[in-house]
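Residue numbering begins at 1 within each chain, and the chains themselves are lettered A, B, C and D in the order written.
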Amino acid sequence: MSTIVSLPDQTTAALPKRTYINNEHGILSWLLTADHKRIAMLYLVSITFFFFVGGFFAGMVRLELLTPAGDLMAADTYNKMFTMHGIVMIFLFLVPSVPATLGNFLIPIMIGAKDLAFPKINLLSWYLYMIGGIFVLTTLVLGGVDTGWTFTTPLSTHYLNTHVVTTATAIFIAGFSSIFTGLNFIVTIHRMRAPGMTWFRLPLFVWSNYAASVLMVLGTPVLAIAIVLVALERTIGIGVFDPTKGGDPLLFQHLFWFYSHPAVYIMILPGFGVISEVISTFSRKRVFGYTAVAFSSVAIAVFGFFVWAHHMFIMGVSNYSALVFSLLTMLVAVPSAIKIFNWSFTMQKGSITFETPMLYAFGFIGLFTIGGLTGVFLGALGMDVMLTETYFVVAHFHFVMVGGMLMAFLAGIHFWWPKLTGRMYPESVSKLAAIITFVGFILTFFPQFVVGYLGMPRRYHAYPPEFQVLNVLSTAGATVLGVGYMLPLLYLAWSLKYGAIAGNNPWQATGLEWQIQSPPLTENFLETPIVDHEAYDYEWLERKTERELQYVG
Amino acid sequence: MGISPVLWEFLTKWLTTSPVWPREASTIAPWTDALYIFLWLMTVFGVVLVGALLFTFAVRYRKERHPVAVQIEGSTLLEATWTIIPLGIFLFIFVWGAWLYFRIYNPPADAMQVYVVGKQWMWKAEHPGGQHEINALHVPTGRPVQLTMISQDVFHSYSIPAFRVKREVIPGRYSTVWFNATEPGVYHLFCTQYCGTLHSGMIGEITAMRPEDYEKWTKESTSGMSLAQNGERLFASLGCNSCHSGNAAAAGPNLAGVYGSKIKMDDGSEQLATDGWLRDTILNPSQHVPLGYKPIMPTYQGQISEEGLIDLVEYIKQLKNNYRIQQTLNTAKAEDVAPVTPDQKVTP
Amino acid sequence: MSDQVKTNNNLKPVDADQGNLDMHDAPNVMNPEHVAHHIVSPTVYLMIFGVLMVGTALTAGMAYVPLGAFNAPVAIAIACTKAVFVVLFFMHVKYSSKLVKLTVSAGFFTFLVLCMMSLLDYVSRAWGRW
Amino acid sequence: MSLASTITHPPEPEIHASHDVHEHPFYQKHHFETAEQQREAASFGMWLFLLTEIMFFGGLFFAYLLYRNWYYDAFVSASNSINMVMGLVNTIVLIGSSFTMAMAVWSAEVRNKKLLQIFLLATVVLGFAFLGIKSGEYYDKFAEHHVPGASFDIHDFVHPQPGTDEKALSVDMANKTQIFFSLYFAMTGVHALHMIIGIAILIGLLWYSRSGIYTEGYVQPIENFGLYWHFVDIVWIFLFPLLYLINRH
């Protein structure tokens, strides 16, 4: 099979002498760094850690559900397991995953800047993330929390004896980490673009991270205040959400979902950006309908703020407002459809090769299509009555977040691994991992659609025996999925030392990040680059390569 | 070559006992299923379409066959196509879904009433005739049944998958759901909103019975006191009757026939007397002062349980005239109002 | 090297679209079209301070005038006026770039979305039988 | 050397060392092209942060809006029970501190170190004055058992002091005053927290202003802090009528 990978001659190639990695030495040079690339690496290590922590809880949940009886662990232990799974995965993995690692590393380079606008705030946001993470781990050590990641009042405020306030603090702090990341990105993208780098020359990865950042900045504070009020209600006993004092528990739901619905776009939008880059590169073709894809990201960000009450259709919002929110939910589905078709048509008349990131991107498109369309099920009012709070929701959410976001994250990690580290990952084993992940994913989550329509509620510790077969399939799939996620951890670690030297531009991609050495210098560019070409202009790349050959020759 | 017994058992179990489609046991179920099937057809269509595009392009334009890419900017016509067509489909689904939603949550006027109180971690059902059930509900087939539900503590959710209905049970206010069972049988009842440690234990059985069987069951399981009778006793023991006596000079308004009517308030607004409104007037009387009355009614917040409130609401709903109230006034002791079965306690 | 930087300064914005989306984005090496740093004079500050004091007196006084349902809108209107003065002059938004103006309005817009879309639920709960 | 190849083939680091030949102000960070770019980035960043603050307070303001409409009578009585004069004085103090802060920014812009320090100090003093009055108010509420929680008591609202023209609330409505006080303490508490953080930063700025960096062109920290301080002022401009002035009589 043909490939576009063009590596330097391995016998003579070496990593660049001076890179952001070897610029300074010692643990302090990492912990006190202001370099966005180093902070990205710190994030990469920490979110990987928390991903496997969250994955462990997921494994325990699946293991418990192997049998209908609640026999592996006690009910409250199980409740703690899925709560910790949700909190760790959402606040400590999904929200920061692509933006804080790949976005942090690449956005300044892609727009031709030397760093993010506020390097110290960038470092601060990593520390806030870590403090949030430590609070979550503290909760674990103290005995866990069992509110579910949604913190439904009055359950979380009055009826649980677990460490709700510690967890609330964790989420509050981690929330500020994400606010600062988003703030930094927005300022950087507005103010730090290189000469000639107009808005419509930005790579789509930058557009989608920009849209996600807007959501972070505007949405997260509302979650923060809601969580503060929950903590105050638990500790002091104020009564804003307490029905016995005249408060409205639905107000908490409104405030919570005002953030937490846009939060799913915070999670998925950067993934969209990765897929745009990957599909374009391996099709050697400009993204079909660049402006449509860019504006659909913005449209998702804007519409994302108008649909939150679709999480509350049966919770007692008025039926009239349910109608409005359902209609708006249908509208927000359209930009995602636009993206899917544009990615597909990007491949048309391309010159396609099938490296690992491309396989993950294929997986992403397939799974995200299912995940997105099953979201329409839940947005349709009458259907939502049957499906909400069942495993159908769980399956839908995981199709979007794991099938979509995690696939995109892995695609991105493989795609930019040569840039991050200067070395290639091993191609064949990574392809195998991509396929295992895909198969394991389908096996894990597809049965959950079926069992969800049968009526199996989510967050159930024990369930009626007739649901067992589907649950067994799901648990079996989770095992496969686990292998699929362990593999990249192992071979990527291996490649740090033994991977082939990647050279500047192994994929022959057009982004500015591929025009500099890998791994990059601390200052990214020696001279501020001047951009005189559109994004994904492969002809420009060809001309440039020719010129360089002449120049060198 | 023998097959592993574990695998064998798994396979047979799979084939024999594992449903992949929930039973259709209410009038709404086929409609929900129709939308569900339509949505899956749309999903399959979408996935096949995208899959076919990806596959065709991947085969036709792979590097071996198509070494040089042709750069295409995009196409406004195509963009418009895949904006407008999905939008049309989604809007069609919106209309269908909204129609179904209003069908599910808009109860027919003649529906039979059952009250449900949710608490950690059990469901209490109360029939107007005085039948009390825990984690169970008996309903007749062929007749619309409306549940009026409230939670004593946290959010719960009353879900009957076989009937395709579900509604959140909220602390502090009534929510309702209705269904019309078609098939006699025993069905799952789940609490689907996470409600604490024993969330997965908050389950029960819905028994749909033929109307004649249901009649029989009603007779056999009555406690002897209807909810309205309980309500009447509470009404007297709490002293409600002293003001709401129906006399022209009474300090409180006449309650007979009040249910379902629109009431003029002293702030000029009109309020509709629903179940939830009646409940709220007992707990927050100062927010519901009718025109021409003084805000003198004390609150009964914390003095009546949700079950007691249901009894009172049911009593007021059934008051067609003031005869019963007059009766309670004429009786010296509240306890003597109605015959009391020994095992029934007045809910304080 | 410095030669090259100088030639960069002469480079005109390449894309006409640049101006439309964001009047003010490219780094200022390239794009001289940014709002000059405007120093607001103490006289202006003092005048605004006076306006705010008058507003405070007015809002406190109006609270004692029985206007029925109009007390709240009047109080909010006065508060909004005061806030606009602070934003425009103390916070220099009057002299700032369009981007800052856009940011301020985006904040209030999102706040309005939160209020209006939630109120949509609360207001319509009382309608109809369910 | 073509432009494109500059990007691709960076010159050797040795050459690079001599790059920074043109003059930069001492406060310009290396990753900005000009001081002006840095200033605008910082100011835009501050505005974005204030955007998040709007949404942070926004959740509280929405809760207030909702419950005020639900429990208007309780809100009126509870609002009348808090000391309006203290609130008014605090409004004047805070607007005054906003004025001195604006003057501090001006002093930095015209590079007058002495004036800058005076105005910063005045802002600190006024900030403390605000907090002092606020804590007096909190103390009153505490003594009256108006702090939500276990010791909350509705007696004052059910049986108002004779002699005042305060309307007696029925018990069920009086219970709702707890929601007012919950919001009162949450809103003024979060606001006071912002004041405390602000004063801490102010003291820091005052300390560093001794070296004169802010009066030699590096106006940005003063200016950005000014934005924050004015924002806190704006929040109070709304809190004052909303919490203290509901249907006063």
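Structural remarks
In this text, a contact is a pair of C-beta atoms (placed from the backbone, for glycine too) under 8 Å apart; a residue touches a chain by one contact, two chains touch by 3 or more.
This is a predicted model, so every value here is computed, not measured.
Between C-D and A-B, more contacting C-beta pairs join the chains of A-B. Averaging C-alpha coordinates per chain and comparing to chain A, the farthest chain turns out to be B. Centroids of chain C and chain D (each the mean of its C-alpha atoms) stand 16 Å apart. Put simply, the C-alpha centre of chain A and that of chain B have 37 angstrom between them.
The centroid of the Cα atoms in chain B and the matching centroid in chain D are 46 Å apart. Centroid to centroid, with C-alpha atoms defining each point, chain B and chain C lie 46 Å apart. Among all residues of chain A, those that touch two or more other chains are 190-192, 218, 222, 246, 248, 250-251, 258, 319, 527-528, 530, 532.
Multi-chain contact residues, meaning those touching two or more other chains, occur in chain C at positions 1, 4-5, 27, 29, 99, 106-107, 110, 114, 118, 122, 130. Within chain D, residues 6, 11, 19, 32-33, 37, 40, 44, 48, 51, 55, 58-59, 62, 66, 175 each touch two or more of the remaining chains.
By the touch criterion stated above, chain B contacts chain D in their complex at residues 283-287, 295, 297-299, 301. Touching chain D in their complex are the following residues of chain C: 1-2, 4-5, 24, 27-29, 34, 37, 39-42, 45-46, 48-49, 52-53, 56, 59-60, 63-64, 66, 71-72, 75-76, 78-79, 82-83, 86-87, 89-92, 96-97, 99-100, 103-104, 106-108, 110-111, 114-115, 118-119, 122.
Across the complex, chain D meets chain A through its residues 1-11, 13, 16, 19, 29-33, 37, 40-42, 44-45, 48-49, 51-53, 55-60, 62-63, 66-67, 70-71, 147-150, 152, 175-176, 178-179, 181-183, 185-186, 190. Interface of chain C with chain A (complex): residues 1, 4-5, 8, 11, 13-15, 17-18, 21-22, 25-27, 29-30, 99, 106-107, 110, 113-114, 117-118, 120-125, 127-128, 130.
Residue ranges on chain B touching chain A, taken from their complex, read 10, 13-14, 17-22, 31-32, 35-36, 39, 42-43, 46-47, 50-51, 53-54, 57-58, 61-64, 66-75, 78-79, 82-83, 86-87, 90-91, 93-94, 96-105, 120, 153-155, 157, 159, 161-162, 164-168, 170-173, 175, 188, 190-201, 284.
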